[in-house]
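Going by the order they are written in, the chains are A, B, C and D; count residues from 1 in each one.
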Amino acid sequence: MELNGVEIEDTYAEAFPIKVARVLITAATKHWAKVAAQEATGFGTSVIMCPAEAGIEKFVSGDETPDGRPGVYIQICTFGYKSLEQQVLERVGQCILTAPTTAVFNGLPDAEKQFDTGFKLKFFADGTETETEIAGRKMHRIPMMEGDFLVENSIGAVDGVAGGNFFMLADSQMSGLTAAEVAVEAIQQLEGSITPFPGGIVSSGSKPGANKYTFLKATANEKFCPSIKDQIEGTEIPADVNAVYEIVINGISVDAVGKATAAGIKAAVTIPGVKSITAGNYGGTLGPHKFNLHDLL
Amino acid sequence: MELNGVEIEDTYAEAFPIKVARVLITAATKHWAKVAAQEATGFGTSVIMCPAEAGIEKFVSGDETPDGRPGVYIQICTFGYKSLEQQVLERVGQCILTAPTTAVFNGLPDAEKQFDTGFKLKFFADGTETETEIAGRKMHRIPMMEGDFLVENSIGAVDGVAGGNFFMLADSQMSGLTAAEVAVEAIQQLEGSITPFPGGIVSSGSKPGANKYTFLKATANEKFCPSIKDQIEGTEIPADVNAVYEIVINGISVDAVGKATAAGIKAAVTIPGVKSITAGNYGGTLGPHKFNLHDLL
Amino acid sequence: MELNGVEIEDTYAEAFPIKVARVLITAATKHWAKVAAQEATGFGTSVIMCPAEAGIEKFVSGDETPDGRPGVYIQICTFGYKSLEQQVLERVGQCILTAPTTAVFNGLPDAEKQFDTGFKLKFFADGTETETEIAGRKMHRIPMMEGDFLVENSIGAVDGVAGGNFFMLADSQMSGLTAAEVAVEAIQQLEGSITPFPGGIVSSGSKPGANKYTFLKATANEKFCPSIKDQIEGTEIPADVNAVYEIVINGISVDAVGKATAAGIKAAVTIPGVKSITAGNYGGTLGPHKFNLHDLL
Amino acid sequence: MELNGVEIEDTYAEAFPIKVARVLITAATKHWAKVAAQEATGFGTSVIMCPAEAGIEKFVSGDETPDGRPGVYIQICTFGYKSLEQQVLERVGQCILTAPTTAVFNGLPDAEKQFDTGFKLKFFADGTETETEIAGRKMHRIPMMEGDFLVENSIGAVDGVAGGNFFMLADSQMSGLTAAEVAVEAIQQLEGSITPFPGGIVSSGSKPGANKYTFLKATANEKFCPSIKDQIEGTEIPADVNAVYEIVINGISVDAVGKATAAGIKAAVTIPGVKSITAGNYGGTLGPHKFNLHDLL
């Protein structure tokens, strides 16, 4: 199958279940919403060594938020609800409450699972807190140095999906990187998915486990490493490919991750120098979700 | 004392010792250096609930880096060298190694304390790693999907300073916030200091401990909360002040934090609507370092 | 009338007819589309001394453009179709054709008035040009150093509207400026309108003609100048106002300018420190279009 | 000659004299200085069809400006002092005076040639203007809606240089474009030079005159057009090259243009995929200045 002259391999991405909390940050301007979101989702690429996976989902304008200000949805993901509740409390409390002009709303008000993050944060006010309502939502008002911080009582979470992915094989590093950049931009137009790695992009796609250093949980996927393609038996890197980038996608549902995968691939193939698109799977050992590229496109 | 018509109070900031590691990230462009730095220093505002305090120190151009590419210095801070080594390994390994086009150099090559972060990361290559040298520095070359990741063998750390600070009292939230923004921009021109909060700015300056909710380590500094100034006895907020922002400064030395404090204040007073500058201290209970504002200016 | 606690004066903005051409620029990434759009719309604030009024209308993603790449609509405005055709040719030829990775599409394919801009630009290829089609549009392919530049044969233009406006009166310069910034961000979500001044904002709202220096076509509107409010008889600046910003809006229709005015005001009143909103009119001497603020909201 | 493994051809760039005015814009923040500079230097790539060539030279921090605020130097260039004076008046008056929070200082106070731009602009105040001094400079204070606009009495201009240049030949469009991007970033660290094209980059390098359409002053340089390399006799495009970008450099002196050329080339060769660097010359027909690449490096 070809898209815009680029080969799409007949393969699938393998993904696994994760718990996902979703937070809507609003601020005086889009800039300050972004600043808070970047701090709150940092150190959040992979649960291998980060305390959570986290990323920016989508920016929204004032007519889509409860307080009429520009906003941004973020997602925070861990394997269990208990650790997730703690991560949400820490990241909202340390990275959004402390950020200029922000307010925090529940990004999944209809989810069954609700954390009382806002209720817990109100104690920061040391007795000066009050309750209020914005667009029907129960809010805590916390007086602070800059004025008042408003936070919704609860933050919802659901059973989501982690590890959706696709790979872009390109003639040069900059062709591949630009394809990855436009893929991330396209995915950020959609609801429900994040790309948790730096700038949304993985430069170091890994395999589970190791051949040699077996004390590691994940190591470089040497069959996709262009600089050593001449040394690796069974390399997946054709002669005309000199760089591979991966986009990893998490989301609140199988549907959201699938749509993000399709949108990302459609954007990536517009960049000259992209040779083919494939996806990562490990024989079903990693997880139960399968995203077949041809079916998605 | 007045500066540009703004009252500088005769007081001091109280700060405390912390361990600081310093990393130089380079990348193909300034943009990608920034993307990696933001991911690596995220979730890093305060050790109260973050695993580290971290921030961007300064961007440098290619003629100031070992590999001739644009770069950015970041700092990572915790209370002990053991936890710091772990944080450096996790943040470099998960947030910089995985970021597009980056390389990592030792930001404190002359420090006595050195972590072998690069040596440990090379195992990701699963046997395909090699050693090389750039500008006299011992580097590990790790083949990856995008090409090769280069990381210096060691990352240095020193006894530094945390909690340097000053407050801007302003007529309106946006005057105060813009003053904080230009203060952070001025500090990012200097060597050796970071402003770890979101965008470098604290909207929620706190006091140690609590009056009412004594189970908390830090709560809102109610005497500096404008929205409740009429209710709080002994409020520090004058009638014409409606917002206060704080800049918190960490650094590799007392000198670096002092210079950053002075540069930040000089920038802040250029913004119309800033009424006065003060600093946070807690009777010497918080730490041994004192930064007297009048002496610094 | 009040909106979010801000007084909206019962007045109207006075606007006048202008000719408007609309161009869709696409590029490899949103960044490069923006770079081309900024160059092409620069030196384009007011026809008083600029060769055209020009501005960015709206960014669009790849699923809204003929070539599947991210794009941006811009508008270019002058008083007559002849001068407009020349400005479109010069700005597209010098500022978009020369910009990295861009293509140019007709932003008003259904307009009666069409300029053959693409046809004229193809001569730059000096005989190497060819014709092609994208999504049913007739395109010229011009080989260049970076590859091929694709430009649609025609660019459409219509009778539009210039000088739609509103004023934000604020307690401080930074409150007013931030209100202006969010107003521009809100307007850039909409179709059909531009805000041609720098960053979309006017810091120097003027009156037609002059009191003293009558050789000038426009001079400062002294009744809206806060720094001299104590000296000007009949000043419109209340005691608690220290800054006024104006948003000037052009568009392809009365409807587009009206919707932009409403969206801008709704965003502006979210910023603390905004005291009132008004609009500029000159007794009907400037133009036939009247935008009544209360009617629009 | 090779630099970082990239062939530097033994050739020279041919450049010509131009008149250059230099303006220092300061603003409340770096962001607003940039907004004004982009508007003022837009529609300013080439005097072939733009009213001037113009660009951003360098951003400076508050400790390098007369009013202690962040700033940016811009240059405006035309062939004669008379047209230049008019362009400076129009661009400062329409694009900087109207921009939020800006002030304007003379960027060449020691030049023999001085335009009384500030003196002329003060009439906008319609009689409310006053004179003041900042850091020894004679300033006009013009009351406006946002507050006061401060502009220095005179703006200096000198005999400068236009058309300095170099070409980057690359394996793919994105490799070449990224090389161009980092070259521009490196040049913006230096004093005295600008890169007037969009984002500093030319995608459409031209030759003087035409082979076929002789009514044009400049047409595509077909020997450097990769997409038609198989059709053009004497093509300069090797088999492994698929894109060429040019950086055009203007400046206030031969020395400034030479240093910018060297810095740009050194940055460009750090990007993988760049194959060779060359320069544009036309047998001495274009101008008297010759910049030999090997001599500069």
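To be clear about the criterion, a residue touches a chain if its C-beta (ideal position, glycine included) is under 8 Å from a C-beta of that chain, and two chains touch if they have at least 3 such contacts.
Computed from a predicted structure; not experimentally measured.
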| item | value |
| --- | --- |
| If a chain touches chain B and chain C alike, it appears here | A, D |
| Centroid comparison with chain C (C-alpha atoms), farthest chain | B |
| Whole-Å gap between the CA centroids of chain B and chain D | 35 |
| Between chain A and chain B, centroid-to-centroid distance (C-alpha), Å | 25 |
| Per-residue overlap in chain A, given as positions that touch at least 2 other chains | 28, 147, 173-174, 177-178, 242, 271-272 |
| Touching residues (chain side chain A, partner chain D) in the complex | 170-175, 177-178, 242, 271-273 |
| Interface residues, chain A side, partner chain C - complex | 4, 28-30, 61-63, 67-70, 147, 178, 181-182, 185-186, 189, 263, 266-267, 270-272 |
| Chain D residues touching chain C - in the complex, by the definition given at the top | 28, 32, 35-36, 38-46, 48-51, 54, 89-91, 93-102, 123-128, 142-149, 167, 173-174, 176-177, 180, 197-199, 201-206, 210-213, 215-216, 219-222, 224-228, 231-232, 242-246 |
